[in-house]
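Two complexes come next, and they have one chain in common, chain A, joined by chain B in the first and chain C in the second.
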Partner chain A sequence: MANLIPPRFKVVIDYEKCRKCKRCVINCGFGVYSFSDRVIPDHKKCVSCQRCVAYCPEEAITIIENPNVFRPNSYWTMEERINIMKQASSSGMLLTGMGNDRPYKNYFDHLLIDACQVTNPSIDPLREPMELTTYLGSKPDAVKVKVEDGQIKLDTKIAPQIKLDTPIIFSPMSYGSISLNAHKALARAAKECGILMNTGEGGLHKDLYPYKDRIIVQVASGRFGVNQEYLDHSAVVEIKIGQGAKPGIGGHLPGEKVNREVSETRMIPEGTDALSPAPHHDIYSIEDLAQLIYALKEATNYEKPVSVKIAAVHNVAAIASGIARAGADIIYIDGFRGGTGAAPTIIRDHIGIPIELAIAAVDDRLRAEGIRNSVSIVAAGGFRHSGDVAKAIALGADAVAIGTAALIAMGCHVCQMCHTGNCSWGIATQRPELTQRLDPDWAAGQLINLIKSWSLELKEILGALGLNAIESLRGSRERLRGIGLTDTELAILGVKHAGR
Partner chain B sequence: MDRAFERIPSGCAISGIMNVSGKRISGEKIITSISLMHDRSNGLGGGFAAYGIYPEFADHYAFHLMYQSERGRTLTEEFLNKHFIIERGEPIPTRPHPEITDPPLLWRYFLKAPEERLYKNHEPMDERDYVVEKVMFINDNIPDSYVASSGKNMGAFKGVGYPEDIGRFFRLEEYEGYLWTAHGRFPTNTPGWWGGAHPFTLLDWSVVHNGEISSYGINKRYLEMFGYKCTLMTDTEVVAYAVDLLHRRHGLPLEIVAKVLAAPFWKDIEKMEEEDKRLYTTLRQVYGPSLLNGPFSIIVANNKVMMGLNDRIKLRPMVWGRRGDFYYMASEESAIYEIEPSLDEVHVAKGGEPVIVRLKEGEQNG
Partner chain C sequence: MPEGKVVAMEINAKGMYYRDLNNILREKVAEGVTEFVLQGINGQRYLGTGLKGKVKIEVYGTPGNDLGAFMDGPEITVYGNGQDGIANTMNDGRIVVHGHAGDVLGYGMRGGELYIRDSVGYRVGIHMKEYKKQVPVIVVGGTAGAFFGEYMAGGILVVLGLNKKEGEPLTGDYLGTGMHGGAIYLRGEVEKDILGKEVAEFSLEEEDYRRLNPLLENYAKFYNIALEEIMAVPFKKLVPVSHRPYGKLYTY
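What follows is the complex of A and B.
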């Protein structure tokens, strides 16, 4: 039956324009093209990653959705039917890459930001200072000072803090799921922008050691690449419990992606599958998490914040409260739009909750318990532009993390085929002929531009709000209004409806 | 009192007078000063804070109450009877005034906190925390009842009207105090209500404010975490509670409190000496949510101090001056010259730099 499954896309070649340069044949990571007298596409292999389109010098290629549609049915969509056909012919679990692409309600697009008119002045970020500086880490409730020789001096030592020049960091994407060049680009951009990149769970390649002050290293259930040296080359240590795209399940990096460099970095034999267990096998409850948090603090001499990353699930507020009380300095929450290098489609598309609701619920809960100061909240999961960032911060996040947007900046076209390892853009692949396509300097430049653009826009939004420091927006839900939301949704988000 | 208006932005005029030797003067001068800035208000709010006015009850908490109904008074008096020793309770003297209509019932009580009640969860409790808790309870839970002020030897007199009319209504020329602050209000979207007029107070703190606090949303949520209830529908309320939290509860000197409310910019912190850099970095890291962002000039006072403070980019006017032991602060210079034509010195207050005037040692309560 496999052969009966229709192609999702059609490759249309304008043979009058085609000069037979075969650039498309070389560029396609998915083996769509063959050549005999002329370029011949195998439509079934096409994922619409657009690499051939971009690199055809004659603009002779167009990818279209297969016009040969199944009989339309708004319930049994073409995608559902194709998925059933695939499973009926394979008996396997469907895999996918990137974040949930289903049309669930998107709360960001139902929130509007306030602005000043008359009663308080807006502020011009081109003429006045506008501060985005953000510190991640646990804060005490109060600062103590003492007076010595008429001088007021600090009498409190607070937990370690990590400075961000702008409240946006790169989300965890492991070396293995993405290429070393992509990792290098993220690290360089993080350094240049004064933000952080996150290793994900695949360890830290030695080439990235010089960027250690700008790196979050993950300790995940597979413990790949974790040793003292790894912990020492970081600004923050993060315990990965879950991921928005696949809450509750582990990870699987197929053996073919585990080349020599990946094997050295992950500290596993070359060519073996890298399997992350679903739970940490030393964490079966919250008190076990507390032990790991303090084990990592001991190992890093209490000089680094420890972050705990969880997926946004139904009971996220209570879980976050437990994590705060277990001693975490940062809670990283990943919403259901968060991306992945590989996940079962059924998990990605049906498990978890939107990050907007999770931020609001967690921030409320921590405030109700009077412990909001004790942790920073980093939110992730589908931030598309600086408007989403501003809304997340107003809902209560200290900073946000971006993954998919960063990949797009590096050339990703969101074809959702990361799990195949064939990324034509050289990002989500370890095939040397593909990874060499991504120039880390160029990609870093793209990332830097993106972070700078969003930061400029954030300043403009702050100015419109009459604010000149990001901390005055953080958790200030008074400056948001909902549109087209039910009373329950408004209550969870803690915002009034537009017009009120 | 229409609670549908949850927050009321407003323009305004402010004025303050303090004699640092504790010499007491009548309310006449402050009325004259604030009335010069008549056009900065719109008749929807005016008020005064006066310190040193109740020397015969200097050790009592003077509670000024506003009641929208007799029922509110009955319930509140029941509550006060239960939680305090009431030395005296009486209507606040007023005179009829053609411009002041529909005032609430205005009462004052001189109270002591019974020692045997100063326990919480079997732990001894700070007397002032006890008083704050009761004030919050009344404002939040007892219908039609609002505490206008709750400090010792001080009181707030406020209502709907132009400040000079409010001053006459409350017969302030008959009181004598060594520190007076005043406020004329220009609220922009409210029918005006008595509880929403300035000053805002807690214990002997009072705040008058010209401006709008654009960070109100997070300031409020931050203070709520420490048990403060923001019920008065006006952004200025958060200033009074923030000062109480930072100064009284967290023990920060007033200079530092000012540097939390109007924090130095990161670029300026960068240039500081190492020790100051650590101090101010830590303050911003920890107290970011209580940064007052947006345009403001405020006069914060208690029994010993008058502090003027502008927002850090100086979006609102404030001038201060001195003649002998008298210090003056006002939104407009003319409002000072109106009552003191020959000043020894006069200055424009700088953005984010507090002007702090202290009562001389040993002269408290005049």
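What follows is the complex of A and C.
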């Protein structure tokens, strides 16, 4: 039977340039290349991750989209037709990696940031101090001080706070979905930048224990790797309820990816499926959530903030209000552009809402209820640059989390094939010959550079706004204007249209 | 504190706020107290949560939810009923309840033992795991509610049905649904239609008795009941038919 699915990409090799060094053969994690008397590509295996292109010393390889494999049709797109063919031949759910790539409206690109001009001068961040320091954790309603021995002392007990040197942290990506070297790079960069990395729901590898002050550990429904030692080696404990790429859907690391070290970190036998369904089967109400929040606070002696991570969904504001009232110190909201190691494509592409709308709705609701101070909001889901970060903070987030951007900094080319575990760049894979490609020191350096660049840009943006602290931008929607948005969209975002 | 010296402490917890009580427990354990007798317990949550080491706690009354959550080593004996969430994600230790207990016991439990003299509620033993030498155990003397052992990934669950009335089912519906590891031992029969589709029923082999007997001996000893009475009814075993029940769910 002929293979119905045509190759999506075509590997074009300039044989005049090729000197048969076979570097492409070695570098491809997807097994595209073979070698007999010359390099021969199997086009249908190519995912256009560009590893071979980057490592060909002769620049002899070009990957192109296979021209006209399907008769053009803007409704029955190539993707739709390929997906139908895959399902017709397998009866399975389509699986995908990375974030939702559909062309839904992107609100960040319809928001513009204000700037100072003559009467209200901007600030020169090169000469003036700029404060990006952000504290995550529940803030008291009011602060009382007392005078003791002639010294002014704080009389209000402050809930545990985590100090971030810049309002950007790394998103949860589990060891299992990404490699240990990638995890090490994230941890090193988080320490160097004074921010946080998040283990995701895959447990904490012992090599990361020294970074415990910079680590958020997750407690998901599967409770992988969760024990007292795990909780002790963290700065923040996070209850994972939802994920932007797959709201209402659980995690599932297939048995073949559970090798010895992954099994040790998740504390499950090798080769078994790591199932972490969406519902925590001990949480069916806000009261149940409160019980788990306080169980974790008890277990960590009330010394660590407890975060609750949810996906951005239609009723996110009411849900966030419940979470705040259940005693969470941080609400982590993941928008529908959030990445994933693996999710059913249909879920990723069609469920959830954009993070921009979720931040605004949650911030509004918590303010209206007078409890905005009781939780910090961390927003995630598709932050591409510092402009997105500034806009999110102006909409009401305390800090943002970056996942895909961090992966790109480490070499990811967004081929969207994380779920196959064949990542040629050594990031989203557990294959030893591939994971060794990612040097954690180099990758940490890349991440540090990225965080530093974005932080510099944030300072520049603050300067343009005439502000000298990121605190002053938080929830300051008057400094944003919408462009090309409907009245409803503007109302939800709480911003005026440009020109007003 | 000299090594191996037993230091006991009695606390009257009547009306005491759970956080204060847990603080005292944590402080005293750090100071070297190894045995506690807690009197007048009435609904205090999270007792023994995250506690480590060789500590014995006797609880008189009814403790609140999440007794022994994340606990790593101590032994708690409850002279009274238990509530929900006992042994939540427990790592090691032993909890013995002289009475009934509520829902969601041993969620994600990965080591240690939980004995309940009488019956338990819904969703007991869900997401139980095992790893290397850590094999968690829950023994229920009476009957269990629905979703017993759901998503069970390892460990041992035992239901004895000792107080079972004539015609009363041993467990509720959805027994072992999504189970992909471990074993459930049932003293007596269950209707086939309550079984999750991932499990099948088998007779016990010698290896099973080797694992089960010490647990039953413990039960007989803790609750002062003749082992012969427990053994008078034959056991069945439920194990998953596949370790990869969801292996063929996806297409790439």
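Heads up, the rule we're going with is that the second predicted complex is superposed on the first by the 491 of 500 C-alpha atoms of A that agree within 3 Å, B and C clash if a C-alpha of one lies under 4 Å from a C-alpha of the other, contacts with A are read in each partner's own complex, and residues count from 1 in each chain.
Note that in this section a residue touches a chain if its C-beta (ideal position, glycine included) is under 8 Å from a C-beta of that chain, and two chains touch if they have at least 3 such contacts.
On a predicted model such as this, the values are computed, not experimentally measured, just so you know.
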Once chain A from each complex is brought into register, does chain C clash with chain B or fit beside it?
-> fit
Once the shared chain is lined up, is A:K144 touching chain B (first), chain C (second), both, or neither of them?
-> first
If you stack the two complexes on chain A, which partner ends up touching A:H350: first (chain B), second (chain C), both, or neither?
-> neither
Touching A:G466, do we find chain B (first), chain C (second), both, or neither?
-> first
Considering only touches as defined above, state whether A:K22 meets chain B (first), chain C (second), both or neither.
-> neither
Now for A:K105: first (chain B), second (chain C), both, or neither, which partner does it touch?
-> neither
Which of the two partners, first being chain B and second being chain C, lies in contact with A:H385: first, second, both, or neither?
-> neither
For A:K206, decide between first (touching chain B), second (touching chain C), both and neither.
-> neither
Once the two structures sit on chain A together, report how near the CA atoms of chain B get to those of chain C, whole Å.
-> 24
Would you please give the residues of chain A that touch chain B in one complex and also touch chain C in the other complex?
-> none
Can you check the complex and tell me which residues of chain C touch chain A?
-> 19, 22, 26, 45-46, 49-50, 52, 65-66, 69-72, 84-85, 88-89, 91, 104, 107-108, 110, 123, 126-127, 129-131, 134, 147, 150-151, 153-154, 178, 180-181, 243-252
For chain A, which residues are in contact with chain B within the complex?
-> 116, 118-121, 123, 128-129, 131, 133, 135, 137, 139-145, 147, 151-154, 156, 158, 161, 367, 370, 372-373, 465-469, 471-479
Note: in the complex, chain A contacts chain C through residues 86-87, 89-95, 219, 221-223, 226-229, 231, 252, 254-255, 263, 267-269, 271-273, 275, 277, 281-282, 291, 294-295, 298-302, 342, 344, 419-420
Which of the residues in chain B end up touching chain A in this complex?
-> 7, 9-11, 188, 211-212, 214-218, 220-222, 224-226, 249-253, 255-256, 263, 265-267, 275, 278-279, 282-289, 291, 293-295, 312-313, 315
